[in-house]
Structure formats: structure tokens, C-alpha cells
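The following pair of complexes shares a single chain, chain A, combined with chain B in the former and chain C in the latter.
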Partner chain A sequence: MLSKKALTSTLYDLMDLYRVIAPCQRDGELRFDRVSSPREIVLDYGNTAKSPKGVFFPQNEAMIKFGRQVDQFNQIKQVPLDRTPTVLLGVRPCDARSFLLLDAVFAQGRYLDPYYQARRQNTLIVTMACASPRQTCFCHAFGSGPYDREGSDIFLRDAGDAYLVEGVSQKGRDLIYQGYLGRASQAYLDKAVEIEAQANARLADIEPVAGIEKLLPGLFDSPIWQEISEKCIACGTCTYACPTCHCFNIEDRVLANSGERVRAWDSCMYQFFTQHASGHNPRPDQAARWRQRTMHKFEYLPRNVGLFGCVGCGRCVQSCPVRLDIRGVLRRVRAAAEAAATAGANVEE
Partner chain B sequence: MSALQTVRDTVAGWLRSGEIELFIGYEAGTVPLRATPTFIRNPEDVDRLIWDATCENNLAAFLPKYRGKKVGIMVKGCDSHAVIGLLQEGQVIRENLRIVGVHCPGVVDVRRVAAQLGVPVEQIDDARIEGEQVIVGEQTLALRDVLFEGCQTCTCHAPAIYDVTLGEPVVDAAEGDSFAHVREMEALSAEERWVRFAQELERCNLCFACRNACPMCYCNICFVDRSMPRWFNQTTQPEDKQFYQVMRTFHLAGRCVGCGACTRACPQGINIRLFLDKLRADVQELYGYEAGEDAEAKPPLTTYREDDYNDFIL
Partner chain C sequence: MSDTHVCTCNPSTQNPYLPISMVLQRVTDEVDDRTIKSFDLAFAREEDARCFKYTPGQFCEVSVFGEGEAPFGIASSPTEQGFVRFTVKKAGVVTTKLHNCKPGDVIGLRGPLGNSFPLDLMRGKDIVVIGGGFAFTTLRSLIIYLLESGERDRFGKITVIYGARDPGLLMYKEDLAAWEQRGDIEVCQTIDRGVPGWSRRVGFVPNVTEEVAPNAANAVAVICGPPIMIKFTLPVMTKLGFGKEQIYTSLENRMKCGIGKCGRCNVGHKYVCLDGPVFSMAELDQLPSEY
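Then we have the complex of A and B:
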């Protein structure tokens, strides 16, 4: 148990040992950034508008740098990997789970991303349970919830004037045992449970997502994609806000005598995302692009890595300039699948 | 029967008669205080159509996609000027349009509501508009205090082009007010202006919501998407973001109608219309021209007059 009064001094101790990244005010918005003082940290918040995926997968990242020698850019300099011991403090359970999906892409299987792995392996995730979910939150549709420990190393729960601190992983437990935190009394345990019940009561009703991956392949040629995507303006804001979106572009940023090869976030919503050098675009319209977005998150990823490409954080719903609601997309998918099944059953009769 | 129901019936009539094959309007959204665009092809669906201060999108941005088709659309005063702008540039044909022009008293800015209540925008879960008030949970705000900034100095409440109208005429702000923010910036030194410009763009993500929400940004291949040459990189380095904003702004010189859709679309709340309004003010002063006023008028940057301002030509 950690009293809220003792939090600041504990954080000072932590900052002696680790780079601490936490929610703080930067450029007039609340976002995850390195803090130089515990006083900058904001733990009492809903969720940030931008996800913390940038901690492991920055929006722009130089992968190599190069310099010119006479008339060739042939001085290649490796960019050092970032292995700074880090604590990522105050993420919500949805965001902690999102890192598991990013791991499946960047740190598993045949292709391992050293830039991502260096950061990920040297970071401890300290999650703050979510006491007030928004009405756009739908983590519970994935069988998760505002108090889900999955993906966390340490899990904090609000218990009134203190936090309950749990070690979830071995890494997390090791860190906790380095300081004396004291056991929580029953009163604090009860208070934490009360807050959790209030949090759960705020969750809006929604159908579970599980099973949708079976419905999607049959809808590849459905007209619903045109209807769903008609109001999409293809701005990519959803992709940039999303904690699990991970598609990227690689381009060379060249100055007169030097340059860097930069990896930058890209979005499948952009018109030229799949533009070929020949001029052909296999996803020529927003309908095709929305079909891909939905199937990538809710069919291809579950099939390939066993995880949905969505954690139900609701950021896309909040930030979309035309309020295209992915929960509505899932409802349309289910309705269309049901209609097709009924039609099919009628034909069989 | 309410005025809105009359409009719904009119739209249903247009669809039934085949005067239009599609109507673009607004319907209730799933996020508080923000309506969402709706695309109606079936006359039975017209009851989805709403009109209130949550209808902030400029639906004219969708028109270039339906080139050659017969389309109906609901437009606020500002949006209607975008329709005229598109007519000026040959992107739509008047005969193919059926326009519901709305006398708009202004749209609500959720960020302002949040700022007045001292909470983050995402924390607004339960909110609605009732008459002249915005009710958020237990609290009440005056709608006029939380309108989008551009709406508070609006001089184009009335639709400038329409087949039918909705709503009662609204009093415009005094003519001088709408460029007050531009004058304020102009009064600063060049260095101060640069600092403000760079600061404003610190939060820019280069997501291009501003471009995509803009009715006048309809180029098949935008300069952003060119790879030969690659005009700027897709990074959030200041020079890349600044280059994009400056170039988009200048590509809209003499074309921007000042609707503010860019600013409302920005997920970071950047004051994008400040830059565009500077150019609008300049074009008005130097060429005596305003985009989106007269469907027959030729934009100054595509025409030549002997008395054209040309002091910038060396």
C-alpha cells in the first residue's frame, strides 16, 4: 500500500534509478512524456488523447543516419538503440494490453525489431486501474475491463487516500520488494473494491467482440463497407490515436550533406497507403480501405497472432472528425452477417 | 409540423422524384454534442436528419466525390459559401444540386465546453443542447458562450445559396470583427509572429484532418502525397509540419471561404483558421475579392487585370 502523501517521495526515489514516463501537460495537452519532477505527473485522469505506443514505437524514428562523401551518401552511421531503464507510469489497462499486440508484431516471430525491443525490454509498466471509464470505452467487449492486470508489471488501484500496489510480473514484484510499502488494511481493500464497482457500473452495454472474426470473411464482398466508409474523410486521425495501430512508412530525409532513414507512422486510411509504383492501387476507395481496417483488427490479427488489433480504448471514437464509431461498424458487421445467414437459411428451405 | 419535418419531407420528395439520388445531411452521433454526417438514399430514412448546434461538419467537403451525380445537401451559412466556391471552380454543377440552406446561429465547440467546466473533453459523457443552453450532467452553460470561435464573429449566418431554407435569420456580427485575430497577429513583430506560429504547430501530428475536412482541398493527388519530388517528409519535425501548413494555406489563397471546418476537425485543437484568415484578409485587401461569394466570379489568382496588385513581383 502506498499512501498518496508518500507518492511524491517514492517517485523521487524512482526517478533516481529510472527514466520515468508518465502523463503530464505538454504543449497544452495531456500526454505521455518523460518527466523531470514528480510534480509534473498527472495520475487522476481519464485517458490521454494520444496513446502511449510512442514510448516503444515513436511517431518518427531515425533508423540509420548517413553522410555524404564526395558525391555519394555512403557514410552510414548506426543509430544507438535506446536501452535506458524506464518506468512507464500511469497507463490504463487498455494501453497495457495494447503493448502485447505490438509485441506480437515487433518482438515475436521471424522478424524482430531491435529499436522496439530495446525500449520494451528495458521498460517496466506500472498501470493505474481505470476508476472512471468513458462512455466511449469498450475494453469490456474484449473480456477485459478497467481493472484488468494483463500486460502490467505493477498494478495500482485507487483506495481513497492511498494506492494499493500489486506486483503482477516478476519484474514488477522485484521492484516492489526494493522498497518497503506496507500491507494494506481491510478498510483500504474494501475502498478499492468499492471504486472498482463504481468503475464497472459506468461501462456502457456492448456486445462481446469475440466471434466477430468468424463473421468477417463471409462479408468481404458485402455492400456494408461502402455504407460504413461513406463519411470517412480519410484523415488518419484514428490511426494516430490508436494504441494498437502500427503500420509505418520508411523514407529518407535528405539534407545537403547528410540525412536519415526515418520510420514514420502511416495510416491505412490514406488514399496512397497501398499505391503501387506502377500507379495501380489495390485499395482504390475508402470502402476497400475500411474493409481492410476492420478485417486487419478483427480477423487477420486474431487469426495470425491470436489477439484483436483493438483494445476498446475509444480514442478513435473521441477524435474522429466525422464521428465514425468503430462500435457501430462492429454492429453493422454482426447485423449483415445475421441477415446473410437468415437469407441463406431461407434459401435452403 | 415543425420546420425540420417540412425539410425532411422535401428531401424525401426530391429522392422519390429522382431529382437527387443521395442526400447528405446530419444525424445524431454517438459522442455527446457532435452530430455525424449521414448519407440518405432511401426516402424512408429521412427521419434520421437533424439540425442543431452539434452539426459542425462542412458537408460540402463530400461534394467533389459525387461529381456528375445528382446530390442534395444541407449547408450552414459558411458551408454554402464553400458550395459557391466549388461552383466557381467547376467541381459541381448547380442543376445537379438540391440545397437545404440553414440559417445557422453557430455550432458548439466541445473543447470550449470542457474548458469552461475545467474537465478534459473526453470526460464529457452526458451532455445535450436544450434551446439556448448546453446541459452537461448537473451543470448548465449558455450556448452562446461555448460556440466555436469563428461562429462568434460570423458574418455569414444566412445561406448564400439554397433551394429551400431552414431556420430563422440570425444577426451577423459587425463587419470589422471577423478579422480581429488576424489584426492582433499582424501587430506583432516578425519574430513574435514566427514564435507564435511555431508554438501553435508544436502539437500538430501531421494527420491531415484539416486538409481532408476542407471542401476546397479536393486535388486528386495532393502535394502531400507526391513522392517525385518528395516535397517534405512525413515526420513531426517542426520544418515538416510548418512546410505542410504554409503550403496548404498558400494553395488556398483566394479559394478559402473561411468556414472553419479545418479548425474544428483538428484533433489537437490548433487554431488553423488564423493562418487561412490572414490570407483571406490579404486577398480581400489586395484584390478586392472574397472566395465563395459569387458563383460566376473568377478567382484573382487565375485571372489577370491591368491594375492587379503586383508589388511582390521583382
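Then we have the complex of A and C:
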């Protein structure tokens, strides 16, 4: 147990040893950023507008540098990997789970991403249970919930004027044992359970997502993609806000006497994401792009890495300027699959 | 070892985004309108040359520093030592810059990436290679490999059908001429409409394929070309008795990383960069036609 009063001094101790990244007020918005004083940290929040994925996978990142003069081109240099010991504090359980999907993309398989791995391997995830889920939250549709420990190293629960601190991974437990934590009395344990029950009571009824990956393959040519995409303005906000969206672009940037190769977030919502130099585009319209977004998250990723590309954080629902709701998309997918199955059954009769 | 000396020969254990330095050795115009050139790249460092092992059908990310990277199939064969060839059409930013490069310029290279033509499956069988226009680059790699790898006798009859709009648009003219002189490969060059001085075949690739009628029994076919050519050649192949698992092609999609992460070249759940670029028609049948 850690009393809320003692939090500031504990954070000062932590900041001696680690770079601490936590939700802070920056330019009028709550954002995951490097903490310079514990007073900046905001822990009782719904969620940040942008996910914390940028901690491991920055929105813009120089990967290599090269000399601009021809005779310097042999001097291709890798930008040093960021291995700074880091504590990522105050992420919500949905975001903590999103890192498992990012791991599957960047840190598993035939090719490993050294930039991602260096940051990820040197970071502890300290998750704050989500005491007040929002209306747009649907983590529970994935069998998860506001108190899910998956993906966390340390898990904090609100217990009134203290936090209950729980080591989830070995890395997390090791850190906790270095600290001076008091044992929680029964009253605190009861309070934490009460807050958890209140959080769970706020969740709306929702159909589980599991199984949707089996419905989607039959809907590639369905008219629903056209219907769904009709009001999309292709702004890409959903993909930038999303904790699991990880598609990126690689471009060269020319500086005065050198240059760098930069990786930057990209979005499947954009026309030029897939357009060939010839002008041919395999995903020629927004319907094809919405199909890709949905299929990638709910069919291809489950098939390829065993995880959905969505954790139910609801950011895309909150930030979409035309109120295109991914939960509604999933409902339509189910309805279309059901309709197709019924039609098929009728034909058989 | 400093970061500047990382060898990319085994990208899975090194930094797969870090290119090696290549020196542009030779630039060759491949077609009359000068929009397609071959670039022979030599290794700047001995150890890169030793480490760079590829098979026909694979591709690389080629970079012009300051402009960016783009993926190209390898047009040279592993049997051709000392250089790696890419045949590139001037189309976008990187290719335009590449076309302006001169011998001696340094070019970045990442790879080899992707899978290759099914050489194991091809051994002991007749090979039919059908190409159209510009899409003959990795087919050149394959043919040279079949002829020069020292195991020509392990492959059956080799038939090449290669078509272009007019004679000036047929690439690799020296290679074609050399193959025509050999007795162990049948080369059928064709152009869409006859022109004075052209003594070889005239007609579209699907029609010529029907005339040549390669035997489907115990054969593997590789078809690369414009989508319209492939579309009309496939029914001919079916008529000749080729099954979908006997026919291979190579896909192209816009790519950035080349290693299955950046998320744009997928066709359904398969990545062209990682699971391809070579697919059998039987495999493509299982995927949406999003390419």
C-alpha cells in the first residue's frame, strides 16, 4: 500500500533512477510525457486523447543518418537506440494490453525492430486501474475490464486515500521490493473492492468481440463497407489516436549537410497509403480502406498473431469528427454475417 | 564494432532498417524510350559481398539517400558475381532520382527480402517462363539461374515466352540473343503488332502461349506481366492443362519497410513483402484480389 500523501516523495525517489513518463497537462491537453516534477502528474483521468504508444513507437523518429555529400554516403549511421531506464506510470489497463499487440508486431516474428525493442525492454509499465470507465469504453467486449492486469508490470488500485500496489510481472515485483510499502489494512482492501465494483457497474452491456474474426472473411465483398465509409472524411484521426494502430511511413529528410531517414505514423485511411507510383491503387476508395481497417484489426491480426488490433479504449469513438463508431461497425458486421447466413439457409431449403 | 559497420546479411539479428552501401557500377538503357534502365550495384565492402546471398524472385529496398527507398525485384542472378542488378522504370520520386545517378554514386541497399521462385519444386520439371513488358526483371534472374547454376540438367525443358508492345520495349536484348543461340532453352519473343525488320513472332502473349502450347505434364510455369496479360493468359494455361498450383506469379504492392511491419502491402492476411512476392495461383485464389 502507498498512501496518496507519500506518492510525491516516492515519485522523487523513482525519478532519481528512471525517466518517468506519465499523463501530464501539456498545451491544454492531457498527454503522456516525461515528468519533470511529480506535481505535473494527473492520475485521476478518463483517458488521454492520444495513446501512450508513442513512448515505444514515436510519432516521428529518425532511424538512420547519412552524409549528404556523395563521398560521405558510406557513413550511414544508425541513430543510437534509446535504452534509458523508464517507468511508464498511470497507463490504463486497455493501453497496457495494447503493448502486447505492439510487441507481436515489432518484437516478434522473423524481423525484430531494434528501436522499439530497446525502449520496450527498458520500460516498466505501472498501470492505474480504471475507476471510472467512460461511455465510449468497451474493453469488456474483449473479455478484459477496467481492472485487467494483463500487460502490466505493476498494478495500482485506488483505495480511498491510498493506492494498493501489486507486482504483476517479475520486473514489477523487483521494483516494489526496493521501495518501502506499508501492508494494507482490511479497510483499504474493502475500499478498493468497492471502487472496483462501482467501476464495473458503469460498463454498458456489450456483445463480446470474440468470434467476429470468423465472420469477417465472408464479408470481403459485402456492401457494408461502402455504407460504413460514406461519412468518413479520411482524416485519419482514429488511427493516430489508436493505441494499437502501428502502420508507418519511412521517408528521407534532407538537412543542411546531412540527412536522416525518418519513420512516421501513417494511416490506412489515406489514399496514398497504398497507391503505386503508376497510379494504380489496390484500395481505391474509402470503402476499401474501411474494410482494411476492420479486417486488419479483427481478422488478419487475430489470424497472424492471435490478438485483436483493438483493446476497446474508445479513443477513436471519442475523437472521430463524424462520429463513426467502431462498435457500430462491429454490430453491422455481425448483422451482415447473420443476414448472409439466413439467406444461405433459405437457399438450401 | 561501431554501428557504421553492421552487416545486414542476417537482418533478423541486426537492424533490418539499416542499408548497406553499394557503388553504382554501370547504367544500361533497356528500352528505346529510355524510361527503363538497369543499375548494376557493386558492394562497397568485401564482407557485404560475402554475406549477400539471394535466390531468384527476391527483392531489395534500394535507396537514394535524401530521396528515400523503394522496393525492386533483383534482376541479376546469384550466379552473376560482384554486382546486383535492378531494372527500374522512371515513375516516382526515388526512381526519377535513381535515373539521374551516375556510375560511382553510392546507393543504399536492404535485403534480400521476401521469398523466391520455387526452385525446389522446379527441379526435375519442365519450366515455362511467361513475361510481358517491364515485368521481366526477376524472370531474367530465374532464367540465368536455371542456365548457369551448374545444374541445368536438373531441370527439364525450358520455354520462355516474352512479349512487348514493340521491339524497342523488349528488355535484356543481349541476354535474349544469347539464349536464342543455345540449344537448351526455347525463346519465343513476340511483339503486339508487326514492324518492318521483325522476323520473330507477332501477337499478344496469351495467343502466342496457345500457339507454343508448352506441355503441362510435369511442368511449372511462372507468369509475370501487366494484369491484363495475366488475366488473359491464365485461361490459356488452364486449357493447356496447367493446374493453379503449377502456376506462379510475383506481386507488387506499395511497400515501405519490406519486413512485414509498416502495414500497407498486405493482400488479405498475407504480406507481399514477407509471405511473397512469389505466390502460386492456388494461393492467390485463397486471398482477396486486393493488388
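In the analysis below, the second predicted complex is superposed on the first by the 342 of 349 C-alpha atoms of A that agree within 3 Å, B and C clash if a C-alpha of one lies under 4 Å from a C-alpha of the other, contacts with A are read in each partner's own complex, and residues count from 1 in each chain.
The rule is short, and it goes like this: contacts are C-beta pairs under 8 Å (C-beta built on N, C-alpha and C of every residue); 3 or more make two chains touch, one makes a residue touch a chain.
Treat the numbers as computed from the prediction; the structure is a model and nothing was measured.
The superposition on chain A brings chain B alongside chain C with room for both. Once the two complexes are laid over each other on the shared chain, residue contacts for A:R120 go to neither chain B nor chain C. The superposition of the two structures on chain A yields an angle of 90 degrees at the Cα centre of chain A, opening toward chain B and chain C, reported in steps of 10. Contact with neither chain B nor chain C is seen for A:R92 once the two complexes are overlaid on the shared chain. Of the two partner chains placed by the overlay, only chain B lies in contact with A:E29; chain C stays clear of it. Contacts of A:D266 after superposition on the shared chain: both chain B and chain C are touched. Of the two partner chains placed by superposition, only chain B is touched by A:I233; chain C is not. In the superposed model, A:K53 makes contact with neither chain B nor chain C. After overlaying the two complexes on the shared chain, residue contacts for A:N249 are found with chain B and with chain C alike.
Applying the stated contact rule after C-alpha superposition, one finds that A:M63 touches chain C and leaves chain B untouched. Annotation: superposed on chain A, chain B and chain C show a minimal Cα-Cα gap of 5 Å.
Across the superposed pair, chain B and chain C both touch chain A at residues 249, 251, 266.
Residues 27-30, 45-47, 49-50, 59-60, 132, 134-136, 227, 230-231, 233-237, 240-241, 249, 251, 253, 262, 264-267, 270-272, 314, 317-319, 321-325, 327-328 of chain A are the ones that touch chain B when the two sit in their complex.
Of all residues in chain B, those touching chain A in their complex are 29-32, 34-39, 57, 61-62, 120-123, 125-126, 202-203, 205, 207-209, 211-213, 225, 230, 233-237, 264-265, 267-269.
By the touch criterion stated above, chain A contacts chain C in their complex at residues 63-64, 66, 68, 70, 73-78, 80, 105-106, 109-115, 220, 246-252, 254, 259, 261, 263, 266, 268, 273-278, 282-283, 288, 292, 295-296, 299-300, 303-304. On the chain C side of its complex with chain A, the touching residues are 3-4, 6, 11-12, 15-19, 21, 44, 63, 65-70, 91-92, 95, 104-106, 108, 252-254, 256-257, 259-269, 274, 288, 290-291.
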